[in-house]
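Here's the structure, in structure tokens; my notes come after.
Chains: A, B, C and D, in written order; residue numbering restarts at 1 for each.
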Amino acid sequence: MNRIDAKMQALREAGRKGFVAFLTAGDPNIDQSEADIRAALDHGVDILELGVPFSDPTADGPVIQAASLRALEGGMTLPKVLDLVRRLRKDYDQPIVLFGYVNLFFRYGYEQLARDAADAGVDGILVVDLPYEESGEMADPLRENGLHRIPLAAPTTSQARLRMILSDAGGFVYYIMVTGVTGARQFVRADLGERLTAVRSVTNLPIAVGFGVSSGEQATTVATSADAVVVGSALITAAREGRLTECVQEIRSGIDKAVL
Amino acid sequence: MSMSDSGHFGIFGGRYVAETLMPILADIEQAYAEASQDPAFQQAFTQLLETYVGRPSPLFFAQRLTEAWGGAKIYLKREDLNHTGAHKINNTLGQALLAKRMGRRKLMAETGAGQHGVATATAAALFGMECRVYMGAEDIIRQAPNVKRMELLGAEICSVESGTRTLKDAMSEALRAWVAEVEDTFYVIGSAAGPHPYPSMVRDFQRMVGDESRRQYMAISGGKLPDAVLACVGGGSNAAGMFAAFEKDTDVELIGVEAAGYGVGTGKHAASIVGGQVGILHGSKSYVLQSAEGQIQNAHSVSAGLDYPGVGPEHAHWAQTGRVAYHAVTDEEALDAFFSLTRLEGIIPALESSHALAEAQKLAKEYGSEAAFVINLSGRGDKDMETVLQIMKEKHESD
Amino acid sequence: MSMSDSGHFGIFGGRYVAETLMPILADIEQAYAEASQDPAFQQAFTQLLETYVGRPSPLFFAQRLTEAWGGAKIYLKREDLNHTGAHKINNTLGQALLAKRMGRRKLMAETGAGQHGVATATAAALFGMECRVYMGAEDIIRQAPNVKRMELLGAEICSVESGTRTLKDAMSEALRAWVAEVEDTFYVIGSAAGPHPYPSMVRDFQRMVGDESRRQYMAISGGKLPDAVLACVGGGSNAAGMFAAFEKDTDVELIGVEAAGYGVGTGKHAASIVGGQVGILHGSKSYVLQSAEGQIQNAHSVSAGLDYPGVGPEHAHWAQTGRVAYHAVTDEEALDAFFSLTRLEGIIPALESSHALAEAQKLAKEYGSEAAFVINLSGRGDKDMETVLQIMKEKHESD
Amino acid sequence: MNRIDAKMQALREAGRKGFVAFLTAGDPNIDQSEADIRAALDHGVDILELGVPFSDPTADGPVIQAASLRALEGGMTLPKVLDLVRRLRKDYDQPIVLFGYVNLFFRYGYEQLARDAADAGVDGILVVDLPYEESGEMADPLRENGLHRIPLAAPTTSQARLRMILSDAGGFVYYIMVTGVTGARQFVRADLGERLTAVRSVTNLPIAVGFGVSSGEQATTVATSADAVVVGSALITAAREGRLTECVQEIRSGIDKAVL
């Protein structure tokens, strides 16, 4: 069984909500990045979303843009991201999802990517700018290699469209909480519960909610209706300020509060 | 108006954007499909083109340029005479009309040379809409007159400080901003690039440039067609508008001219077709300047409007099928052509358009004096004067 | 083409120049009389106007401006769309064709706003002639973009440091220079002013502006004529071209708009008809801003093209006979109108043309919504952006 | 008899050539100007051309432009020029010609001007920008008051035109040696003699030649074919440099050399 499915099932069975941590691979350099990731995985992260740095991250806010830039300047490449996953797999069994922009995967070749990623220990791939309609070419190789294509759903996505884009997805649904790019925000949208109910009406996949969660409190609120909470920019900022572990712990306990 | 249903041109095109934008793109596609069938919409567009833009723009026989280049007769399609000084206004009026039809009161745009920003700000003023323009910090400096125009027109200009601080980054930033404002803002893309339906829509909104040229040349020549049609290619909107009208005239050579910057061999250029590989940037699959791994590379061109590492997907398709030949000319060649037109004909061309002129100069002798070229003079060069005078000064000092 | 044989319009006009220039003026008069009868000359002129200038320029119904001003329907004659951005090019092409016919290879011109200088430099480039432009040092600063254009076009710019360092002094210096080069140089005067035959010739070379407007308005209105035709008056060329075509339509009110600067009462203005007396300046008798003794006074206008203490003699005559009403609007009123057009219609007008707009705004309500105004939008405002932004900044700081 | 005619007749009878001095009235102020003029008249000037300062002297080069400006700033006006003539007349009997631009005379009124000028002791009027064709209105008043209208002839003036413009002129012909504005030049045009012969073929008036003469040597050359030599800019420059008398003497002796 794919590690994502296993993790999600375990969480459900334990009555817990998941913590999905996004970190840009290679930020600010390969060694420090690996150390950060290990710290996160050591302190309560359930699923790792590993950002593959891209020169033009059009869906990201300033924090992740800067992280990508640092990672690229630090020499990170897609093959080296896979090497990193391989090293992490020796010590960790949390699911790992590659998070990136389509051009890098396209250039690498979808077949090759699916094979190499599976081989390294990746469990799913999320491509920010590869919507359902364009994902056909990538779908088969992923499936053949046991990797999930993680679908994104947004507040602008209609029910009809949800039905379509979730039809052959796996792992979990990444629900984008805001209309906007990645980055910390101070609020949680009031209608989140309703929105997620709408999503659940068309899929049985667990739902991870992200974009904007930056505090334990927000995490609590989100976790009340979601199956998992994704935190990215806030972790990156904390990591660069030397307080990654504290931040991971804050989010973790925020999430856990939701089910007390 | 023709476009493929799936938004693909052969293997190119498509709609590679964040999920958040997918529904709005479908809405735009739908609204555009309806509008393009609606005579009232077409009539409103045509009327604006005539009384506001000043269309049809003339086709001018450049006699002294023809003599100087010693070959093919040079005809210039005078898009520089359009209101706001370039072909860009054709498209922004079309999109603004569509935005109005869709009930939007806010426009946003990216801009490189500033022409598209000015044209969008202009359309916004005309329709009483708000307007925000994303422009690279570098371009804000080198295209200062257009920045002033946008300010006066009441547009808000957002200086983009990321990346090379040019058009690519302005477009990335515009896409980011759009995601956040997708509910009430219409994104007016300035070239035949971006996600479907923009490449087709922008081409259609520029197609009168080619249709008029074709009609005008035939009227002048007694029913003949030109031997070659040339246009510069940044994102590819002026060229697409031109080529679409001549696409089926298989005897007419179509030549797209990219910016070779310091030379395609130097790596410092903006020739995505001539010097790039297939990739995905800003919403569509096309030729892209990129590293072997797929990181987008910085473009370089003296011309802000061509200084972009991608190109519209229909051009990629035309290049692949061979219907259009793509060449590239250097900064220096373009500057030479800039001066030739200025000094021989009293027309100061945009640096973008100067690339098409430079290629025509290269080919004129080979084609000979029986041949005729129609060149799209996509814009006027007022915006570029500071750049050119600065280069002249530097040359002068290093002499 | 009509002109009085002696070059007088009632008591105005004439040929008040140094003896050295008298023979060349007679030659020009003669050559022009022949040219205006020569179909080949007329055809060459018309062809250039169509394919090079972009004529006819459209007549645009400014709907949002009409709504904002709450009265007469506002139609704009879009001379701003002409090649080089103003009506001036019509005249310089006419005169350059005449110079060519007379075998001259050198042109010279005075310029205020720089539009006429650019238009002359442009014509010189087009015909392969040399060009020298006299421009006041003050105007060189406030109309910098046009200075750059002239430089690029290859014209030699002579900075005039005498007097107020504006248009009046540029014209004086041009007359001085012409005397020295009269044997091989054609002096291209930029307005319907100067010694005979210039006022008549320039009016004739601008007359298509009025003829087109008349035809276009009639086509739009189903054969009616507008209630009023408005144009700004510096030297008076754009207004003369407009009014000549409507002169005999006695139901059409003709309104010339002068620059009142800080207000005609302050003495700091450029309203020669509204606030001057009969006098003789730069070769013809007309209204002139002058002291009681007859010393020429300094004009003031925010608009460099209107900043001149004289006016063409035919306007003096029209004022005296009452065929045309002359009003004056202040810098501030003109600036307001500049912003109205920019923000409501997306057209950045020249500050000169903004004077005509401002007067239309004043009169619109009085005439009511059944009435229609045709306003000559004589040029675009790109050249004025720095001036306007500077004023905005100063206003902002003093708030 | 008009003083100009008398002076020209006297010169001819004495076998001498005339020296016409141009000075701007009121330059740099009224008192100094009067002193300069007196010095000039005391040291051999035959005819005084008195420039009436105008704001826009379009036929003048930089030296006379600047002189006009100084005079205007010094408060000079046309009525004050006439006062100056009146004062000079008490002590001098050299002919005085007013030299000016038409607008001042037009504004003053031609009738009034002719009367006041004659009354003050003026003998002729030369209007730079009032060519023959426009001079009709001024001609009668001048004639009625015994003043000469001094005609200008230029290198560009044809024989036919010469015939016309000299038809009712009096005093002398002012022949403009150069095509250009006033101001010192280093040369004398080679064909001057020929040109003057052409002028003489249509008129019996004496000919004064001006525009450009600035040295004794040039004066000699010019005086060889002309009846009189006009010097302006050079005198003004000399006056402002405090060497007016020397300059007047140099020109005078230059002129006199021509008939030795």
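In the analysis below, a contact is a pair of C-beta atoms (placed from the backbone, for glycine too) under 8 Å apart; a residue touches a chain by one contact, two chains touch by 3 or more.
Fair warning: this is a prediction, and the values are worked out from it, not measured in the lab.
Undergrad: Please report the minimal path length, in steps, between chain A and chain D on the chain touch graph.
TA: The least step count works out to 3.
Undergrad: Setting chain C aside with everything else in place, what contact-connected groups do the chains form?
TA: In the absence of chain C, as far as touching goes, the chains form A, B | D.
Undergrad: Mind checking the centre-to-centre distance between chain C and chain D? Centres are C-alpha means, answer in whole Å.
TA: Roughly 38 Å separates the two chain centres.
Undergrad: Please work out the Cα centroid separation of chain A and chain C, and write it as a whole number of Å.
TA: Here the centre of chain C sits 66 Å away from the centre of chain A.
Undergrad: So which bits of chain C are touching at least two other chains?
TA: Residue numbers touching two or more other chains: none in chain C.
Undergrad: Enumerate the residues of chain D that touch no fewer than two other chains.
TA: There are none in chain D.
Undergrad: Quick check of your reading of the touch definition: is the inter-chain graph here a line, ring, star, complete or other?
TA: Line.
Undergrad: Among all the chains shown, which pairs meet the touch rule set out at the top?
TA: A-B, B-C, C-D
Undergrad: Please output the residues of chain A touching chain B within their complex, sorted ascending.
TA: Residues 54-61, 65, 72, 77-78, 102-104, 106-108, 128-134, 151-158, 161, 165, 176, 178-181 of chain A touch chain B in their complex.
Undergrad: How about chain C: which of its residues touch chain B in the complex?
TA: 50-52, 54, 57-61, 64, 78, 80-83, 121-126, 128, 145, 148-149, 151-154, 339, 342-348, 381-382, 385-386, 388-389
Undergrad: Where on chain B does chain A make contact in their complex?
TA: Residues in contact with chain A: 6, 14-24, 162-163, 168-169, 172, 175-176, 179-183, 277, 279-283, 285, 288, 290, 292-297.
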